[in-house]
Structures are given as C-alpha cells and as structure tokens.
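So that you can tell them apart, the chains are marked A, B, C, D and E in the order they are listed, and the count of residues begins at 1 in each.
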Amino acid sequence: MYLNTIISRLLQAAWVIVAVSAIAFALFQYVGDPVSQMLGQDASAADRDALRRDLGLDRPVALQFLQFLGNAARGDFGLSLQQGRPVMDLILERLPATLELTVFSTAIAVLLGVPMGMVAALRPRALVSRAIMLVSLIGVSLPTFFIGILLILAFSVILGWLPSFGRGPVADIGVWRTNFASWDAFRYMLMPAFTLALFQLTLIVRLVRGEMMEVMGQDFIRFARARGLPARSILVRHALKNALMPVVTIIGLQLGTIIAFALITETVFQWPGMGLLFAEAVAFADIPVMAAYLCLIAVIFVTINLAVDFLYILIDPRLRRGHGASR
Amino acid sequence: MTPLLDIRDLSVSFRTRAGLVPTLDKVSLQLGRGEILGLVGESGAGKSLTGLALTGLLPPNAVVTAGSVRFDGQEVLGLSEAALRRIRGRRIGMVFQDPMTALDPLMRIGEQLVETIRHHLRLSRGAALDRAAELLDAVGIPAARQRLRSYPHEFSGGMRQRVVIALALAAEPELIVADEPTTALDVSVQAQVLELLRGLCRDRGTAILLVTHDMGVIAETADRLAVLYAGGVVEAGPVGPVLSEPGHPYARGLMRAIPQVGAARDSLVPIEGAMPRPGQWPGGCRFQPRCPLARAACGEPPPDVPLGSGHVARCQFAGVEEEPRHARA
Amino acid sequence: MIRSVLASDLAWRLSRSPGAMLALAVLVTLLILSLFAPVFAPQNPFDLATLDLFSGLTPPVWREGGRAEYFLGTDEQGRDLWSAILYGMRISLAVGLVSVVLSMVVGVAIGLIAGTSGGWVDTVLMRVADAQLALPAILVALLIDGAARAVVDVAAQQSLAIPVLIFSIALSGWVQYARAVRAAAMVEMRRDYVSAARLLGLGRARLLIRHVMPNSIGAVFVLATVHVAAAVVTEATLSFLGVGMPPTVPSLGTLIRNGYDFLFSGEWWVSIFPGCALVLLVFAVNVLGDWLRDTLNPRLQ
Amino acid sequence: EITWASQDDAATLDPHAFNHGMTMTVLAHVYEGLVRRDRDQRIEPALAESWDQPTPTLWRFRLRPGVSFHDGTALTADDVVFSIRRALSDASDMKIFTASIVDVRAPDDLTVEVETEFPNAALIQSLPEVRIMSRAWAEAHDAGSPSNVREGKENYASTHANGTGPYRLVSREPEVKTVLEANADWWDPDTPDVTKATLVRIASGPTLVAALLTGEVDFAYPVPLQDIPRVEATDGLKVLTGPEIRTMFLSMDQASETMKYGSVTDANPFRDRRVRQAVYQALDMDLIATKVMRGSATPTGNLMAPGVNSVAPELQARAYPYDPEAASALLAEAGYAEGFRVTLDCPNDRYVNDEQVCQAVAALLARVGITVDVNAMPASKFFPKVGGRDSSFNFFGYTPVNLDAFNTLSVIVHSPKDGRGQWNVGDFSDAEIDGMINEVLSEMDAEKRTELVTGIMRREAELVGHIPLYQQGLSWGMRDGITTPLAIDNRVNLTWFELD
Amino acid sequence: MLELEALSVTYPVGRRARLAALSDLSLKARAGQTLAIVGESGCGKSTAARAVAGLEEPSGGRVLLDNRPLAPAVERRSREERQAIQMVFQDPMSSLNPRRSILHTVAEPMLEMGLVRTLGQARPLVEAALAEVGLPGADLSRYPHQFSGGQRQRICIARALAGEPRLIIWDEPTSALDVSVQAQVLNLIQRLQRDRDLAYVFISHDLGVVDHVADEVAVMYLGRAVETGPARQIMRAPRHPYTRALLAAIPSLAATGSRARIGGEVPNPMAPPAGCPFHPRCPEVRPACRAALPELRPLTESRRVACLRAEDLYGEPTT
C-alpha cells in the first residue's frame, strides 16, 4: 500500500545525497592541498606535481566529482590519501564507535529528558521544574568542547573515577567492536556520551515540555479526566503518546547534527569514531574520506527521517491513507 | 425528596490581568433523577462553566468564590482530586461540546471505551470489549463490533459525538452533563442523539443537564429549562410555560428572534445590542441596557418573581403585560 | 494598534515574571556594555599596538600577581580580558543577530512560497531543505569557511571573517524557519480572509506580504530568540575547530578556545571569564526566548 | 611495558612513503638503516658493521651477518639494494636522503656498494633514514614500490611491517593505537627495558595532559608548554625539556616588485635591506621565548641550531640587537616613517604555539608602525600557499632532517633554482652565497666545511635574508620511573628507555 | 444576472483520487432577489459559492455574469467583474485578518477597486459603510479581536459592500452567531438588499433562516441539486424525499416530543451510491432508484426536481 510512497521517498533521498556530495565536492578544493600533506617538506616541486597528476587532482572539479559519483555508485570510495587504505574500510572501522556513542547518548538524553520535560510541563512553577529548565539551559549555553574538558578535569584528573580518553578495552563481536561487552570498557563511554547527551537533553526537555503543555491543554485530555481515568493513565497513555510524536520528528531531524556534534566530543575525548576521522581528514585535506563521510551522514540522515516518517504513519492512524472521511 | 443535583448560589470568577472577574454569579439549579434540565443562553453566558464546576474541571485560573454544589447530598466543591475522580465518569458523565477534539486521536475507539469501562467497572478485558460494543450499538453506531477497531478520524462528526456520549455512559452514571451535544451535528443526526438521551432518562432514570443555546433542541427534549444571561439565571421553570409565556424580557426577545419555517416573513424582531462580557456587567439587572422595559428601578438587583408551578423570572416586570415599546419592527 | 496592545500586554506579563525580568536586565546590560565597549573597556584588545606581551597571563586582580589595570587578568598576549570580553561579545552578538536575521529572511520567504504554492514548487523547496538539513550546521560552516578563506583576497579576510561566519551559520539555520512558516502559511491560506483578499484581485506578492506573512511568522520570532543563542554557541564551536574569528580579533568563542588550552595549567581565568560571559549571554537570551514562547502561545495560557 | 601517547601518529608504516617526524619515529623501532644515530646524534653502525670509501664517490658497506627480519628471513645485500632502489623510486618520499646516489650494487651477500654522482660529504648523515626492508616480503605482498595511493590500490606495506628492528609490530589501528613488542632476536646485545609499548594518539593537548596526570599513559609528548609546571608539580611525574633542532624564522618576500599582501602598492618594502633590518630590530625574541613560549624556546640569531653538523656555536648570537627606536629610524630612512600594512601567513596546527607567536610578532611590529594582519590557517593550506610563493611575509620552521648544514643551506638559503631553495619562500637570493653553498656540498674536510658555513650564515644575517626567531623547545612528560635522554630531533627511541 | 451552467468542481484527495464536490449545478440569480442554497453539511454548498466567486477552479461548466462568461479564477477576471461579485463567509473571526485594523480591512476593497486613492480619502467612506451596517462611530484603529462576533460579521458585510458589488454571496453568514444576533444580521442583510437592489446567493443549512430570506431555493445533496424552485412552494410543498425529510427534521419551539429523522449515515462523497444518491436513506425508495441517476427535471414551469416519484409525493411527509 505504501510502496509508491516508499519508492518516491527513496528517489528523493537519492537526490538529496547527490546534491549533498555535489556541494561538498565544490567546497573540497578549498579545504587544502592534500599533496603538500602527503609528501614531506623535502620533496621537490616536481614530485608534488607528479603526485597531483597521478591522483587526478589537476583535473577540473566537475570531472573529479563525476568520477567520484561513478565510483561511489559501485561502492568504491577510493583510498584515503592519508592512510592509503580503502575509505570504506576506514569508515566501517570507525562507524561502530560513533554509532555506539550517539545511540547511547541519545538513550541517556531520552531517558532523562522525557521525564524531566514532563515534570517541567506538569508543574511549571515548582522548584524542580525551574531547576530542570536551568540545567537544560546550561546545556545549550556552554559549548560542548568546554563541557567535555571540564568533565575530564573533574572526573578524571581530580576525582580519578573515569578514564579520560579513547575507547578502552573494547570487545569484538563479529565485525562489530563494542564498548558494551564489559563494565571496564563501558566506563570509557560514560563521559563522552554524557557530554554529547547534554546537548540533546536540552532539546528534548524543551520539546517535551512544550508539547506536553500543549497536549495537556487539549480537550481530549480534559475529557479523559472527566471520565475519571487515573492520572497516570492519562499522562502516559494519552498525553505522552501524543506529545512524543513531534519530539520524535525533531530528534530525527537533529540526528545528523548530533552525529556531526560527535565530531567535537570525539576530538576532546580522542574517541576513535567517524567524527575524529573527519576532523583528521579535514586537517589533511583527505578528499575521499571527507566526501564519503558527508555522503554517509546524508544517508544516515535520510534513512532516519524515512524511518521516522514511516514510524509516524505506523503510530498516527490519521496519516494512513485510504481511510474513511476525507477531511 | 432532595434533588440529585443541587446547585446553590454558585459564583465563579476568573483571575485575569484586570483582577478577579466574576463570570458566574449566584447560579442556582436543581435537578432530580430521571429529569432533563435544559440550560440555554447565549454564547459566553456561562453554560459550560456551570457544567464544568460540577466535576471540578474548571480551568486553572477559575476560582469558585461562593455557593455550593451538592451531588446526591454530598458537597462536591472543595473535594480532593482523588475524591473527584471517584465521581467523574462513574457517577457524573460528561459529554463535551466538540466531538472533533474530545477523543484521543492516536487510540482506537474500542481501546478508549475499554479503558474507561475497566477502570470503573473492574471487568475483564473480554467483558469490557463486549460492553463497549453494546454501548456503541446503543448510541446507534452500526456494526459496532467492527467499529471498535477504528480510530476517531475514521468516524464522521456525528459518529464521533455518539462515541463521546457512549464514553460518558460507559459507567452508567446517575447524572450526565451534556454540553451542547448536538451543535456540531446535522439536523438529522441531531434528532437521533437527542432521542438517545431521552431514552436514557426514561429507561434508566438518568438525570441530564442539557447545555445548549438552541431553543428548538430544548423544546423537544427538556422537562425543565433555565435561561442563563450574563452569568446568572434569568428565568427557570417547566419547559412549556417558559417557552410559551416567557416572563423575562430577554427570554421573550429570544423567542421572537428565532426564524421559523412557515412563520411570517417580517416577524424577526432582534434584540439590539450584545450581551456584556464578564467584567463589563452593568449594576443591577444585566439585561437593562438592551431591555425595552428598562427603567430607573432596573439599577437595583432584580427580584426572582414566581410565575406559578415553579416558573420563576428574575425581572421586576415579570408577569406584567409588556408594552410594545421597542423602536422598530 | 495591535502592536501597542501586544506590547503593553507583553510588558505586563513581563512584570509578572521575575525570571524573565532578570534575564532582560542582564541582556540589556550586556548589550549596553558591548555596544559601548570603547567606553567601558580600558583597552582596545583589537589594536595590537596597545597589547603588552610582557603583561601576558596576568591573573585577575584579587589573585596574587594581579594588577589593578587588568581587572580580570590578561591572556597570553597581554590582552586585558575585561576589554576582550566586551569587544568579543560585540562580535558574538553581531554574528548571532545578523546570522539569525539572515536565515529568518530567507527561511520566511522560502516557507511562504513553499506553503502557498504547493505542488512541485513545494516539493522541490522542501527537498532542498532536506539536503540542507542532511549537512549539519557545523560541517557546512567548516566547508564554507574553508572555501571562503581560499577564495577571497587574503587582505580582505580579516574584514570578511565576520560575514563568512554569519553566512555559514545563517545557511544552516533557514530550514527551520522555512518549515515553521510553511506549516503556518498552509493553515492561513485556508482562512477566509485570504479568500476575501483574493476576491479583490490582490496579486500574489501582495497577498503573501500583506495578509499571509504577518499571520504566519509568529513562531518565527520565538525560534529566532533561541537561535540567536545557538548561533553564538555555534560561533564558539567553530572557533574551537579553528575556523572562527581571527585570533587578533577574538570573539567570545575565540577567547574561550584560546583559554581552553590553559585550563589545566592554572590559568583558568583566560577561558572561565569569557565562558561565564557567554553563559550569561546565552542564558539570558534563552530565558527570554522560552518566556516569549510560553507567553505568545495562546494554547498554553 | 609502557603506554606512550603523542599528539601525532605515524601516517603510514611504509618505510619510504612519507618523510614525516612521527612516521619516522615509529618506523625506527621496526625498520633499521645501514647506520643509526647514538644518543649524541653521532653516526654508529647498524645493519652495516663497517664501511669505507674506496673513492670519493663510492661507499662500500659490510653488512652485519646473522641479522634476520621479523618474519625470520635473513638479511642479505640484495635486500639492501632493493630497499635503496625503492627509496630512489618515483613514488618515494625519501629521495632527499638518496639524492646523490646513482647506483647500488651487491658484489656479494654481505657487501653493498653505493655510488654517488659527486663526492657527497653528507651521505652518511642521510643513511639512518633509508630503512631496509625484505625484498621477498615486499614482493610477495605486491609492495615493490611505496605509496600505491597513486594507483588507487591499497599498499600492504603501509599497514604491515617486517623489519629487522628492536620491535616487531603486534597490532595497529591507525590514529588510535599501535602495539610494539620487543624483538627477542634483535642483533644488538643491548636489549631494551621496554618489552611492550603501546602508542596511543591523543590529538587534543588538554586531553593528552589529562591522560598523563591520571596515569593512563606513562609517557606523553609534546606536553603543551603551559602545562609543563602542572605536570612537574604532580607527584610521580616529570617533564624533560630542551631545545629542539627545529629553528623558527620569518621569511619576507624579496622577489616581487610590489607587495602582494600589504598596503604598499607601488613598491616592495622588503626588497630594502633597511626595512628587513627594521623588522628584525623591532622583534624581541627573548620576550617571545619567555612569554609566548614560556621559556621553553631558545632565542637564536641563526637559521640552524647548534648540534647540526658543521654549524659553529658562535653563530647563535643576534646579528642586530633588539632596538625599536633604531627600527623606527631605519623605517623612516627607507621612506616608511608612517609604517605600512602587511599580512603575515601563519600555520595554526603545525608548530608549538604557532598562531600565538604570530600574534606576538604582530603586536611587536605594531609598536614601530607596521600593521600586521595575521592570516592563520591549517598546515594543509599554509604549505601550498607559501610554497607557491603566494605570500609576502610568513612564519616558518625548519629541521635539517639529516642534521647536516647543507640540507638547510640548500633548501632555505640557496636561491630558488636548480632544484634548490625549495623552501626559501622569501626568494632571498645572493649569488655569492649560492656559490659558497656549492662548495659546502663537496668539502670533505670538516673544519673547512664549518668555516664555509659560518661565512655563509654571517653574510646571510647581515643581509637579513631571513629573521631567525628561536629554537622550538621539546617537552616530554613521563612518570618518574622512566629515564631517557632527550633527542634534539624529537624522536623518541624506546630502546634508550630505562625503567625502574 | 448570474447564471451557473452545469458547474462541476472536483478536489484532489491524496495522490490520485478526486472527489466530486459539485456536479452539474445549474442555477440563476436575479437582481434584487435571493437565491438560497440549502443542504446538509458537506453537500457542496460552499464549493459552489467559491466556484462562482472564482476562488475554486471548476472542472466543468461555467459561470455567466450578465450573459458573459467569467474567467474561472478571480485573479483573471476584470476589475468590473471582480467588483460585481463579493462574498461574506461563515466564520467572521477567520474572515478578518487579525493583524489589520478595521480601517485597513474595510478600505482595502475601495483602494483595490480604484474607488479612492489614499487611505485618507477612504476614511470617511469607511465610517459611512460601518454606520450603514450598524456600527456608527466605531474606532477605526481597532482590530478584529476587539469586536464581538456579531460586530465582526457586520465588519465583513461592510467590507463586502465597500467595493459596491451587485451580487453578494453569503456563505452561512449567521451560523456562527447566536440567535439574538442572527436576527440583527438577517434584518440588516435584507435591508441592504432592498436599499441597493442587490442580487444574493444565500447559503445556509438552517431552513428557518432560508424560509425567512429566500425568493428561490435550491436543495442540494451530495454535490447535486435535487430540487429547485420558488422558496414558498418548496418550503410549503416539498417534492423531493430529501427536502421533505429535511423540513420534517427541524425542531420547532412548539412541538415537544420526537420529530422525524432521516435514517442512515451520510454516504462517503468519495464513493457515492449508484443511482439516486439519496436512495440508501430514502423512505420512498423503489428498485428503479438504484439503477440510474434521476435527472433534475421540470415539474412545473418554475420548479425542478430530481426524483422519479416527485409526482406522487405531496402533503405531509412520511416518517
């Protein structure tokens, strides 16, 4: 029934990705010159030119882009100029780290943020609510990198409770490298995840609060109260469910940003994820890695939003077509 | 016999930026078992507020400043939220004004019914489902069993209004407050819904407070009638006499202003002016600025004048033959 | 005048909310301080000739080694931090405000067009918005900034740093405005006053500007307050990534980033004071934005 | 067993692909050259037991017998010939070290002959960097030439290693961690204390310090200057500091007729020696070294650090004293009494406190009326820009990789021609100096060579061809239990570590 | 003066489907007279009104003004044509721009139609217009939310009059108002018609109101006219079963007790029943009704009915 929708959304998604990579490509040539980074200071100008020619960097950008597209369509993103390894391998190697970090931090943010937002909505004048809003504001007022380093200072250097960098003793489960297998490895994830979560937490608390306040004022909630339903059931089954819909959308839209924000967290905590890879790639002007990373972000973004759309359709019966009244 | 519902001198104010604004002023109403009391009045007169006050569902910025509301002998005002919850739904059912927004859009109709039934009647899920189907059937929704699986948006406005009524009936309350249950409906469906309510009174002895501003609806449904104007009851009594021989000039004006099929073309006589909003009430009789009979004496609070068989009008000229003084036909 | 009514109403509500009042007071103070920075600042931190390298890393006045003329201490270049904060806030505010206004204008225009055209125009614009969203703000800013630095004449870069920052932050912000306005415009288009205006034969542009737009941009202002704060923080983050303001013309973000390196070494004041200023600023703007949103949303009253 | 952390990581494990400090540092533990440097940076035998020079252009090396690669195969002269040829190939980044070599031969299994184009006094100085790999292993893995990025193929040697060195590679995650384990079969009887070493990369300075403070790493470098006191004050930690061999200096464009990036449009002030001298005299290197570099830098008057082969110690004094008034006077004399405006190109992720130093330079020059716009950028943009001579004024640092004066003279001081003066980005040019540099190349007598170099540098300083600022400082942080000499080229050598 | 010829409108629903909101509607309106359109909610009354006004593009048929066809979209009509037809909507709140003062609101048509040049010139005219609709001396700088519902509807009427139209379309102008206010507005509407000899198309679902104002009536069901003719005849002697049922269902003040009702649900307009669209609910249904769509045929000179059994149905409606 939704096949048409799915196909057309997928096509649009493909265009989005092509557009993203086109924009990105147009900008790459200004990021820096990979050749100067690939050869030592003592290499001669002729050597540099030769390398530039060998890499095809002397050709027009449009041509480079087309070739990139052609190769990418075949799943070939080329070799990293910096590491000389297939970009796909590099990204797949780093993907689990970033995904674990973002998913875990999103989980923290949701698990803390939703109840906090609810409390703030239900008792807007209470002291707790004010405290929650205050904390959530600090989350947006302080730059992520600053929060990160303050956490390191507090929990690693002064208190000595948590490790300050890296992923620690990770375990390999098949091709997936995880921090969840042992407490020892899990500890490494706490600070980076919390840093990243703080950024999302703010957003979620505010969204949930706003939506809850809005939903709580609606007629069907009053009607549920008039029916004498217990408060808990009204809150969770009726209010929260309705309030979470827009929240899910926004979180979906934000996920691209969060993955990008992971770049900063990863830099501060030396977390070996894709963000760090990208940061290195920018410093090195490693074009294939940058291009693949941006495409990947676009793919993740589009996929998540597609999923959110379908989730929406699944949850909200009003969005399913071919039903009843036309209004 | 004490009435099932006894509202005495209920006054409600709103906290607003201009301070406390009195919005209901000394409203008194009585309602016995099996009786339908019509509550009519212009938009903003305070009809819905009266209904909401019964179950403690007033907006957060409303304060009850005086009066009492006794339900089956028990004072309702000032009850705790928990105690109110035992009354709501179980003993007093509410039908809300707008069927489009009163149902949770994300929950199946059946689920909303089952939830309410199970909470109040402590039935098993299966039994609750059976009862839900019965209820839908009772309010006239065909193929009730299958429709339990529908979502609100799949129902037409009339059907939704009937679902709202079914929900109000779910726990067989003794009193139903129906707030304009038919405003959103077509004439044809309207008749159907009113029929249902009347049936309930007849068969189960349910009392109904029927809030509306449609005189026609009252005429064919209610036993007794109270006319609300600017926050106060201006006339009350059995339906027949109030409609045919209204005592208050506002009620009289209202009757004349209703266009009727088959009536003479030029007979529409409007009441000039508009009802004052809360906070802008004049002293004394609040109808005075629009009243063809207004005199200096109307500056005093008007008395309740009994007109026989429980028919009361709050006007010092009630019962006095009206002089045709209005300016224009 | 609805505006004056609204204004007096807002003023009244404001007087009832101590939190918002305080935030407003803080914001106004900061605005005045930074707007008239030359008056309040003992030093022009952008003028390299006034910097005294020798006074670098002087601690704040109440600490040992502190000096009266450097109330909050100095950074490693001998820049008076109090002055640097005032001047830096100016830049941060300019970047925040202008970038938000820019993205607002673009967003509102696109949202109006998409929301009132429907059909393929709407689809195309919304897909463009998707593409924009798929490229997170920071990455876009990184790339644009890099590109701009390479394209423009180096001598002009100093003066172009602010426009480039503004542009890159604005570019990633318009989508939210466009979406909000589009949704509102779609609702407004169905209202009868639009039909009434069409009956008069109003041209599309006038219809949009005169009737639809004023009724669709309510949410935009609320979004904007929050975005100003976000833009200021984004600017700081970009500085961290090395593409913010040039070090000789530091913004609040640049100051924090520079001081970030000194956090462990005991020279905490270099980053903590600008950090506090940033928190104060963003905090005040956010509190006001939140308050405005709650106040202007009729459904929450 | 230790964990050591660095802000940088090896870019590749291919011994001939990338001439880059950290890459060479890591590779030195796995691969060896024919010779190596001892703790005092003197050349000593390594894979070659001994060598001689039958003619000025022929070097003959006797290989150490019984040496084997980590995979167990024995080292033969053939491997050495293969490796040197590989280092000579097009894709190699080690050509600077092999530049004069025209032929390599293996008369027998343990003898290698290297023939140079002309007598090259500095060849032996370059050979520690020419690392020997196994021919069989390389060819088996299709790694016959370095850097297959050009061909779009993965190069096995860039992620795997098989050398003869003191450590064998256990595992490697690029940019994350590299684990080395002592090679039990190493030929050198002086077995290292460190039996297993894990190199982790921590790019962010504060995080690196945090890791050191928490004891998560035993050794970390470079410790950011501002954090040195903090680390030293921490119980159980210490910091080794000292001058690095890298010298930082300013280059001024002296070739263009008009100024590229500045306010003077009808002339190029930097062509005027007086202006250059004024800039020099306006700069207080001591202040920069103590304040911006927090005392870790060593002010210098020369482009080459002491310790570089053939550099006399007395060259380190300033040619002209710090004297802003004299500077102003010189400017006025040159017709720039009002000063002028110029852009200073500056990397911001390459040298210690690079951007801050540029700012300090700007502040100091502001006092004599020269307005400096600091244009800071990442190295990936800085080097192509400056290398392309698209700059009027820039901040630059240079280390002669083979620790020999000729390297700096040829790359930095010689006029940009004949493949020389590649990083003489201000295009300083003096025919007399060019001639003297050629003499240095083939002068085999150490004393005369030193004299020649001194003459060149005196003249260069007098002409203010460049403005030497300081030698960058080294800072290695470690726990008290580690003892190691500080290497002036910033190359950590685990075999020198002594553990308690 | 105004003529609708086989006017049809469809709306796109979802990606492919279209909903026939109005099918083959043919009507005439004369100067000085009121043509009323009645019918249940959703039967296409507003759609017809919007198509006439040029706010909705018809999918078939045309609208003639003084025997000349009008362009389908209002934006493409000439100024005279636009000036001739104005419209007043159901909800007075939503038909006023909340951000424009009543001066701007009422002056806008005058400026657009070229009756005045400047806002200053318009001011006295606006005052006069407001006085005419019973708002003398109103503060012109106030905004819609500062007026009551009845007052707002008067402002809408003043705005419609400001362009000096010849025909006004009223789309349920009083259904959002209380009865006491409704009477005021209805009286005003009728007075204006008398004073200015205006032609009205009056849409309502309230038969009481329709009986009060209309000269001609068209009864609609599911997008089609089922009965048209002089108001008196139709209200007194309805022939179509649907009209009869509608009239019977009106609550009256006098009668207490149960009234007639139309059984069944309104069919889904996306899938109207075959044959006569009313047949599933019709008390008079015959097998032939299910077979073919009955055409709107003349019953007398002035009346037309779309029912096979029109001739048999008169007198009291069956319940």
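The definition used in the following text is that a residue touches a chain if its C-beta (ideal position, glycine included) is under 8 Å from a C-beta of that chain, and two chains touch if they have at least 3 such contacts.
It should be emphasised that the depicted structure is a prediction, and the values quoted were computed from it without experimental measurement.
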item	value
Partner chains shared by subunit B and subunit C (touch criterion as defined above)	A, E
Required steps from subunit A to subunit C (each step between touching chains, minimum)	1
C-E compared against C-D, more contacting pairs	C-D
Interchain centroid distance [CA atoms averaged], subunit D/subunit E, Å	89
Geometric centre distance via CA averages, subunit E-subunit B, whole Å	31
Computed distance of Cα centres, subunit D from subunit B, in Å	91
Rounded Å distance, subunit A centre to subunit B centre (Cα mean)	53
Residues of subunit C whose C-beta touches two or more other chains	146, 149-150, 260, 263-264
Residue numbers of subunit E (touch at least two other chains)	none
Multi-partner residues of subunit D (each touching 2 or more other chains)	206, 210, 213, 349, 378, 381
Complex interface listing, subunit A residues touching subunit B	218-220, 222-231, 233, 237-238, 241-242, 245, 315-318, 323-325
Sites on subunit E touched by subunit B in the complex	40-41, 148-151, 178-184, 186-187, 205-209, 211-212, 235-236, 245-247, 249-262, 265-266
Residues of subunit C that touch subunit D when the two form their complex	47-49, 51, 53-54, 56-57, 76-78, 146, 149-150, 154-155, 157-158, 242, 246-248, 260-267
Residues of subunit D touching subunit C in the complex	205-206, 209-210, 213, 224, 226-227, 229-230, 261-262, 284, 287-288, 291-292, 343, 345, 348-349, 355-356, 359-360, 362-364, 366-367, 371-378, 381
Subunit A partner contacts - residues on subunit D that touch it in the complex	11-12, 14, 17-20, 90, 93, 95-96, 147-155, 158-159, 173-177, 200-204, 206-207, 210-211, 213-214, 216, 349, 378-381, 383-384, 387, 398, 401, 407, 411, 419, 422-423
